[in-house]
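The two complexes that follow have chain A in common; it is paired with chain B in the first and with chain C in the second.
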Partner chain A sequence: MHAALIGQLTIDGLLVGGVYALSALGLNVIFGVMRIVNLAHGEFVIGAALLSAVLFERWHANLFVVLPLAFVLAFGLGALIQRAFLRRLPEDLASAEATSLLMTFGLSYFFVGAWLTFFSGNFRSVPYLTGAWTLGPFSIAQARLAAFVASGIIAVLLALLLRYTALGRSIRATSQNVQGALACGVDVERVRTLSFALGTAIAAASGCLLILIFTVNPETGANVTLASFAVIALGGLGNYAGTLVGAAVIGLAVSFTGYFATAQVAQAAPYVLFILVLLLRPAGILGKSGA
Partner chain B sequence: MKGRTVIAFAIVAAVLALVPQFLNGYARSLLYITVLYVALAYAWNVISGYAGYLSFGQVTFFGLGAYTTAISVTRGNLPWWEGALLGGVISAALAVPLGYLMLRLRGAFFALGMLGLAQTLQVVANSWQLTGGGSGLFLPPGSNALPAYYWTLAIGLLTFAATLFIDRSAFGLRLQALREDEQVASTLGVQVTTTKVWAFVISAIVPGLLGGGYAWYLTYVEPVSAFATRFDLQAVAMTILGGIGTVWGPLIGGVLMSQVSEMLAAQYPQAYLMIFGGLVVVLLVFLPRGIAPAVSAALARHRARAAQGHR
Partner chain C sequence: MRRTRLQVIAAGVAATAFFFVLGGPRLAASAAEKPIVIGASISETGAYADSGKLALQGYQLWVKQRNAAGGLLGRQIELKTYDDASDPATAVRLYQRLIDQDHVDLIVGPYSSAVTASVANVAQQHHMPMISPEVASTAPFERGLTEIFQGIQIASDYVEGPIAIAKEKGFKTIAVTGEDTLFPRSVVAGVDDLAKKMGMTVVFNQLYPHNASDYSSIVEKMKQSNPDIVIAASYLPDSVGLLRAMKQANFAPKLVYEGVGPTELSFGTQNGKDADGVMGTGNWSAELKTQGNASFVKAFTSTFGHPPDYHAAANYASLEVLGEAVKRVGSLDSAKLRDQLATLTMPTVMGTYKVDPKTGIQQGYKSLVLQWVNGKQFVIYPKALAQQPPSLPFVSWSTR
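Up next, the complex of A and B:
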């Protein structure tokens, strides 16, 4: 195999990995605070992606307008879902987990149906920034680079929020110990609502960036959920640094299988990796063993 | 009590076997679909209801059974029911190692592991020559509906009987024990791994057998409909509506929802997904234990009141 080709696929894979990392960060924020794996995560990603595609088709709407819009809409939708449904999960932890899985599974199909109604089943993409820069033997697609950079900026903003704001401290406290957070006067219900809303909004942001690179339709959400979950399973649940490593691995897997097999096989690649890692190292690549 | 159960069971079986003779084609197809969906819901209820391992990918085995049958008929010239039987055998044989691997995962990991498995097999069916790729395989058309119905009915009745047995047996108690707390169950001497792998095999062999009947009924198999995750959504919604982890839940939920499901899935797929997905969410909030427990509680109250009245 040609060295230049390997280099090219590596660049493409790592750039896509940035978007996967962002989507997975959203999933991880929700999991950290609520101990819920949101199976409807991919539907929020895809919903925002399709929204931005439609706005681009109709009015040539700029990414920098659509992304904040999708972020705000998804934030509101997430808060609503948490207040209306997820807040009513049973107290008992084991049955809360089962109920949350069933509930978000139901939500995911609800939104697949909703997106099919709004956006039809057509595959869409956003032909924005279609050019590429040449860098020695490699070409760097502008759309991929823009998506990567934007993902990075949002991830840094998220990190700053978690590190330096009162909300961020409450989120981290609730993730570590609910009882302790309650004892310190944290309004845990409010933190949960804001975290779910924030995670959903981040999913939407990643969707607006994902569609710069991939073509999607309403039924591709499950693949995104699987890929995002694979990223955090690889990196270890709740481990933010691990998320970046996991995302790089998934990005590379998608890029290489997409070239050497078909785009369809590439969709299954994150899943196969995910299963292999779970079976060999159940706590993730960077995780401590025995989780 | 035992004798009465057997007699009631035999009467219901006989009625369901004779009913198609008096029905037109459309009503027959509704009957077939109802029996199929109820049986699939019962199969899901074993691993996810009794054992508590939520699987969103049992359709894997349904698709496997459908494809095994289609390949046996078109490429091996076997009679379809031998192919369908083979589908069940392959599903069971695959479920044993798969169960040992997958059931090490818990919660979301298991749920997504199974969901992804179904999607991966869909990709395989789409890309493989043996399975006819994206266009699938066509079976000889003809009077396929009635044999497929009897096949499905027989498997459905067996699955119901198996659930009745599970609900009253030590095996069922072991399943429920590991659902509540796997570690405690293990401490109390439950062979946790063996028990849950058995449950998984039961939940795999049933859709494996039903898939063959479905392929014969439709006279074609293609990747999207054979591995459609909507079958799992349906099983989830119907079982929760009726009562998850109960004997009567899948029957109640399945009978109530099958017609709606069939009408919507064909004509209004968007509305179908929104209604079934939304139903799951709303039920979990307002009626998380389903209809069956509510009915039995009401019956118990009624009996208690009647007993008091006699005194």
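Up next, the complex of A and C:
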């Protein structure tokens, strides 16, 4: 019985971790290329989540329709934001970081207000795939599994894009060394725009999956941003493989502390881990120290 | 160019004069029979916007109907409302403005307990009696204020219904959970004593934080405690999250009660068939056989294009009470109105309005236990108001 319980908690934790991973991957792409800590990230996740909830309420729109739609819309929105705002930040690094932080903080407020106007303050969720499959002593929530699998597919596509396409090479080059990328003829401005757009689109995709599991309203975006940051801190900034490990650790931590301690402790768990990692292994679990 | 400008000015002067000639006498005439102005602030934007809108429409419908029937004291009624953006401080300023600058004749309560608690002081200072339909907490009434009257059921007797139903079915063990904030905590506070009195055992009792997103762990814990019934003091988002987690964990106790969440219609849209069997505590139902309820629902739906909820009903009922008080007093005298509101007993769409004359706390309106059956809400408790008996036990997830 005890082993079955631990198995169940592990399954729940890993499946939720999959969705955290996707949201964090989007954030990580943006940070890697632009060195921008995007505090408005959660708002893109929540915006897409609410959009898919509304489309489901109105027309029973299927996830396979909504996810690509949200992806494309968010891609456009991300490109627009980069062109209109972030590109105009000062070039020198020290002040750029502070201003980008303030700017994305402002953007996050703007979008919370915008979503409140579009979607109202109501909490929403999508009654889609609400059942569970029974596998021996375990029950596997359909929505969680679907979200996990879809996250996995998108993560693999992202990995392929980064590894095998010209754009992916440019993104990686820009993340590693802007001067080097410029010297090799990479159009860094274009790469930045596309990266921000891509990161935003991935956030939107994760939002469409998140709403299958969680109930959200426009004001819950900050939680998503923080959880994504905790995942990245664990996995290492700019480290894509580490993000997956970080997400699994966070998912498991929430699941186990929620059972063995209380839900209040579970809610604090990602941030406690976040702080511990920053203190003990600032480069992340997989990161080399000093990296 | 110059000529054109002159022409414009001339036209403007002519138009203004025209309006004065036409409008002057009319203004003078209407001053004689000025409408009775009822003032309120409502949360039309901010976190409570959706429910606030329905509350406002409850007020609007009564004013519309009353005016069509000849108004009050032979005068038409005008509703003057401002948007307080769900913010208590803003609401306080707005009520001061309504009373000091707009010189409204009567005031009625705003939306939500927190906003009402702040506004109550303004009503007290100006000696303006205020019936408040959106304040389930009794705290504002326990401060010795003499001008506010509760137009909705009190929160503390919520769990009595589901536990009485469980007792009747012979269920023995209870798992208790809920959101770890003031209102749900006060709802579950009485469960231990009540269970003991009924010969039942609380086998699990743990709350979850506000804005929790993942309920799988707490549900897993409840499942391990193997209770007959689950009592959750939940709002809408957490009631949906908990129920979904219960389905995903394949956990189906014999009775599932989820606080105020299930009373909202979107509990049904968000859960679909999974909502069936879930109970909640409500203040009002469209099916309730209270006086004027059926025609209220019909008029509301045809006026606004969507059905009313309990907010709309409670606000409508509060104006029913205020209107009756004004009629009985025969004037707008605040002191007499205050005494009338304190002692009046009358049927409304919510039930029988009756408050404790000392505190203004509601005693007449009774909480209802609602249950979702085949995608609809039915009143199942108290028996006198029940539309049908409880449908129990809760159907296991695999056989739905």
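Methods note: the second predicted complex is superposed on the first by the 277 of 291 C-alpha atoms of A that agree within 3 Å, B and C clash if a C-alpha of one lies under 4 Å from a C-alpha of the other, contacts with A are read in each partner's own complex, and residues count from 1 in each chain.
Assume a contact is a pair of C-beta atoms (placed from the backbone, for glycine too) under 8 Å apart; a residue touches a chain by one contact, two chains touch by 3 or more.
Just so you know, these numbers come straight off a predicted model, no measurement behind them.
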- Thinking of the overlay built on chain A, is A:271 touched by chain B (first), by chain C (second), by both, or by neither? first
- Query: In the superposed arrangement, does A:101 touch chain B (first), chain C (second), both or neither?
  - Reply: first
- Task: Based on the superposed arrangement, let me know which partner A:262 touches: chain B (first), chain C (second), both, or neither?
- Result: both
- Please indicate which partner A:8 is in contact with in the superposed arrangement: first for chain B, second for chain C, both, or neither. second
- Touching partner for A:200 - first (chain B), second (chain C), both, neither: neither
- Task: Determine, under the contact definition given at the top, whether A:132 touches first (chain B), second (chain C), both, or neither.
- Result: second
- Answer with first, second, both or neither: which of chain B and chain C does A:112 touch in the superposed model? first
- So, does A:16 touch the first partner chain B, the second partner chain C, both, or neither? second
- Task: Could you tell me if A:215 is touching chain B, chain C, both of them or neither one (first, second, both, neither)?
- Result: second
- Message: Based on the A-chain superposition described above, do chain B and chain C contact any of the same residues on chain A, and if so which?
- Response: 116, 223, 262, 264, 267
- Item | For the chain A and chain C complex, residues of the former touching the latter | 5, 8-9, 12, 16, 57, 116, 120-127, 130-132, 134, 139, 141-144, 213-217, 219-220, 223, 254-259, 262-264, 266-267
- Message: Which residues of chain C touch chain A once you look at their complex with the stated criterion?
- Response: 45-50, 180, 206-209, 211-218, 220-221, 224, 236-238, 240-241, 244, 247-250, 266, 269-272, 274, 397
- Message: Show me the residue ranges of chain A that touch chain B in the complex, using the header's touch definition.
- Response: 37, 39, 85, 88, 90, 94, 97-99, 101-103, 105-114, 116-117, 222-223, 225-226, 229, 233, 262, 264-265, 267-268, 271-272, 274-275, 278-279, 282
- Given the complex with chain A, which residues does chain B contribute to the contact? 52, 54, 56, 101, 104-105, 107-109, 111-113, 115-117, 119-120, 123, 126-127, 180-181, 229-230, 233, 236-237, 240, 269-281, 284-285, 288
